[in-house]
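Same chain, two partners: subunit A is paired with subunit B first, then with subunit C.
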Partner chain A sequence: MSTGTASNRPRYAPLAPDPRARAHLLVTDHQDIAEAAFAPGIGLADFPERWDVVAHALVLPEPFGGPGVQHFRSASHLLALLRHRLAAETMGLRLYVTGSEPFVWDAARVAIEAGMGREEMRLFATGKPVRRVSCVHCRTINPGVTTTLVTCAGCGVVLTVRDHFSRVHNAWMGVQCDAEVPGEVPAIEDLSA
Partner chain B sequence: MATRFKSDETFRDDYRYGNSDEGVLRFPFPFVEDSYMYSVNMEPHTRSATPGVFAAAFDVDEHYVTECAERARALALEPGRCMVLPHMRDAEWDTLELIMESLALDYPDQFTLERHGLDWTWTNRPLGIHQSFRFGDATTLPHPPFEYIVRQAQGDFTLQDQRDGTLYIDGGVATTPADWSLAFDVGMTFHEWHGPVPLAHQAGVFDRALQYLMRIRYGEPARRLNWTMTVHPRLDTSPENYPLWGPDRAGLTAENIGSQLFLRVELQSLFRLPRSNALLFGIRTYLASLDDLTRVPKWGRRLHRVMRDLHPDIAGYKGLTRYHDVLVAHLAQFDDGEPTTPGIAADIAVLPA
Partner chain C sequence: MTNARTLHLKVARADGIAPTLRRVHLVAADGARLPPAAPGAHITLTLPAPAGGRPLHNSYTLVSADPEAGYEVIVRLSERSRGGSRHVHESLAPGDGIEATAPHNLFALHSQAKKHLLIGGGIGVTPMIAFVTHLREQGASFELHQIAAPAEVGVFEALLAPRAGERIHIHAGRDAFGLTALLAAQPLGTHVYACGPAGLMDGVEAAAAALGWPETHVHREDFGAAGGEPFVLRLAASGIEIAVAGDQTMLEAIEAAGVDTPSLCRGGACGVCMLPVSEGTPEHRDHYLSEAERGAGCLVMPCVSRSRSATLVLDI
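What follows is the complex of A and B.
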């Protein structure tokens, strides 16, 4: 295993069905999955059971519905029923997760808590970079951060997002950017730049 | 020679701290040559025949009593600085056993461990502790076993669980961290918690270090030295409290840098634990001011050369950038251009007055 970069930024391999698996479940917090999420020659049709998020969906999703597409009202709705589904699962299921990075690691946490190992899940984050940032000083989680600086909703200091990601907390470390000299704030940059 | 423990030191607020001449001469100066770059600088942690920081498994020095008081203070203020995940219970008892056995073996005048089966009695004379307990029964100790023993040891410790072909940091105590957060890092793999370190990943340092660490065997501990710099003799340089200590970096001047800037050296040690197969990682921090260190002519020369030529990314990661120019200018007066001998030895037996 080689990281090859001065960062613990998660890196993702495009998704492809594991031929050794008994069953496959693909979950996403998007409605449309980017082609980039799949390995060459692989597409949606290779994942017969899919869960996605469609706001205001008027049909209740069936967590044990088998092949087909199930629509959930939100990522939180999906994760709650994923927890329910995985609690009843047996060996041989592979979970594939794609979508925003915070969603991907939320789903991974649900799978780990259900007893799945890292070999039983495949993750791929797509879309515009968005991060949860944990303020190391006051412990407030700041969701939806798309820039290198963010004002902490808990204590009000301007945090710089350190290149340090916790898969356990599903958060990046935020540290006060002007602690040494108050007001000495670096230029703000867009994470997708 | 019996160590005389200092009793009136503080590592926060008014910063009352100092090294005796013996303390300076035994300081683990970390630079083996006149330049510095990351490397897998591991070696067996065997007891040296001569006195010094390598003579014991867990070095106890003149700051022992005051550092234990600082740990108690830090844990009273922030109990989350010590945490162990539930699956590491065996590793907690392993740690207690290792530290008690080692201290009793290395310092029999100060520490005693009596065992009758699982009924143990521990005596810690410097801290005035006499504790009977049942090994394996946490209800017989005033703190959980890991916390109980690290409150009686200098330096931080982490517990690494070995699984999935890597090491997970699944517990520890961090009241003397050099800008890393136990609460944030807990549960991370080896590569994850080293993520922010520059240059070393590309050099393959962490890949090789991990392979080395996973092969450490029971009874064959390993060690390395690491370093950074801290303004004032402050042990708690946690990211949590960066707003408290960060401003000190902006307060260094040519006049005060010699007395206020401290070289902070970590004697890092790694022990395989027998029941849990976990690794205990000791991070023992030593502090010496530039004024202390430059009393040793070789160290003054070398410190100047290392700091002058330090890679800017390393200086940035270690937080030296803001005062780097002042530091190098200050150290230049101790560098007469003479060659230095290889290795870290002070090369003198007595400090110049």
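What follows is the complex of A and C.
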């Protein structure tokens, strides 16, 4: 049921700099970016300005520092300064985002709110599929879900995680698993496989 | 050509605002409500040709459009008028009836834009007036740069005066205006809209592309550059041969020959008039066909495009 045919699972293309852009900024919530995040022949060196997350970074990042690598202590810290940076940016920038799926779409949201369109950003989610699940009954967001059944932290019902992703809410849809026939609980499956 | 979409209008007022500019206010002939139109929309007027030829179809942007109050257009007297703009300037009088298409919009404002950068050249001011009125009402962020011939700066100042403000700039000639610096200073989420001579609009497109603007943020409206070398058009299926004069479009020549063919914007933007080419080399002037389609040479937009070869054969 969770992997029905009506999936709108996001598809990601490996990253490569857009040759038409004036400037490029690559952001990630990791420290080390997997090679799989880049298109063939493309690597870190093709993105001279990079922001990453290093938990114990000791130097304050400089969001207007230009080319170079800036380390942020958390993804939230990075996203807050990304909002600040984009508010002062001019047209011609491309934003490249790689990392966990929730981070990728959080960054996309920041970019959209700053006025960027989908053609001005490139997204690539990596790592183990970990889903942020929104309960349609109580609106609670359940982070870190790796199975098709999860107990909602808000209302306590057992949700089945449908293969439906909301780009606006940055969350997968969770619906009470026995809503149709009470007591009929589907088999649990591993989403991270 | 009359169909269900034809509007029967009459001239309510017409006044000269400059030696070459005439503002015409049109209302429904029967006093009914007119279809609404968003800023950027145009109507195509049916105008009598001189010496009783086939009528001309000229498209004009609506400067204002209100279902009750009517439509307003501003018509520039073309130096190379084929009779249309001359008729509007010299013959059209209050009370006259005139046929028009319902409004179509191929130059709409982008609803998601954070800021609208408007660049008008000469008579390309017409959609800009509609845009400024609308954006003011919406409280949206915008900036207008209007380029005028040095002798006409006063005319444009007067035209834009009711909407004047620090966000409206009138420049005397294109050289008085730093296009690249202007585009380079725009915040994320800006959309640019250009209307005016092809050279100005090409310049905006090229400068924006060089600065990394995505194409989706660059909008232009053409009036359709008519004119060029005369050539011969052969319609393969019907066996008709048509001479296309230098001051006539291919579409007008086809219509003048009595062949009905669909058309809408008559400015190379909408794609409705597209026709198949079987021989000859088209000179593409539209903004509809992709580079690949142009390269294949099998399609042509007769409203604006012409022929590089002496004869062009269409498969109709």
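Definition applied: the second predicted complex is superposed on the first by the 183 of 193 C-alpha atoms of A that agree within 3 Å, B and C clash if a C-alpha of one lies under 4 Å from a C-alpha of the other, contacts with A are read in each partner's own complex, and residues count from 1 in each chain.
As a working rule, contacts are C-beta pairs under 8 Å (C-beta built on N, C-alpha and C of every residue); 3 or more make two chains touch, one makes a residue touch a chain.
No experiment lies behind these values; they were computed from the predicted model shown.
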Open item on the list: For the overlaid complexes, name the partner, subunit B or subunit C, with more touching residues on subunit A.
Closed with: B
Open item on the list: Which partner chains sit in contact with A:L93 here, subunit B, subunit C, both or neither? Use first/second/both/neither.
Closed with: second
TODO: Figure out whether A:R22 sits in contact with subunit B (first) or subunit C (second), or with both, or with neither.
DONE: second
- [ ] Classify the contacts of A:H56 with the two partner chains as first (subunit B alone), second (subunit C alone), both, or neither.
- [x] neither
TODO: Would you sort A:K128 into first (subunit B), second (subunit C), both or neither based on which partner it touches?
DONE: neither
TODO: In the overlay, answer first, second, both or neither for which of subunit B and subunit C A:E120 touches.
DONE: second
Task: Touching both subunit C and subunit B, counted on subunit A across the two superposed complexes - done: 117
- [ ] Name, in rising order, each residue of subunit B that touches subunit A in their complex.
- [x] 164-166, 181, 184-188, 191-202, 204, 206-207, 239-243, 246-247, 249-250, 322
- [ ] Would you mind writing out the residues of subunit C in touch with subunit A in their complex?
- [x] 112-115, 183-190, 208-209, 211-217
Open item on the list: For a test of understanding, state which residues of subunit A touch subunit C in their complex under the given definition.
Closed with: 18, 20-23, 86-87, 89-94, 114-117, 119-120
Task: Complex contact set, residues of subunit A against subunit B - done: 1-9, 117-118, 134, 136-137, 157, 162-169, 173, 175-176, 179-181
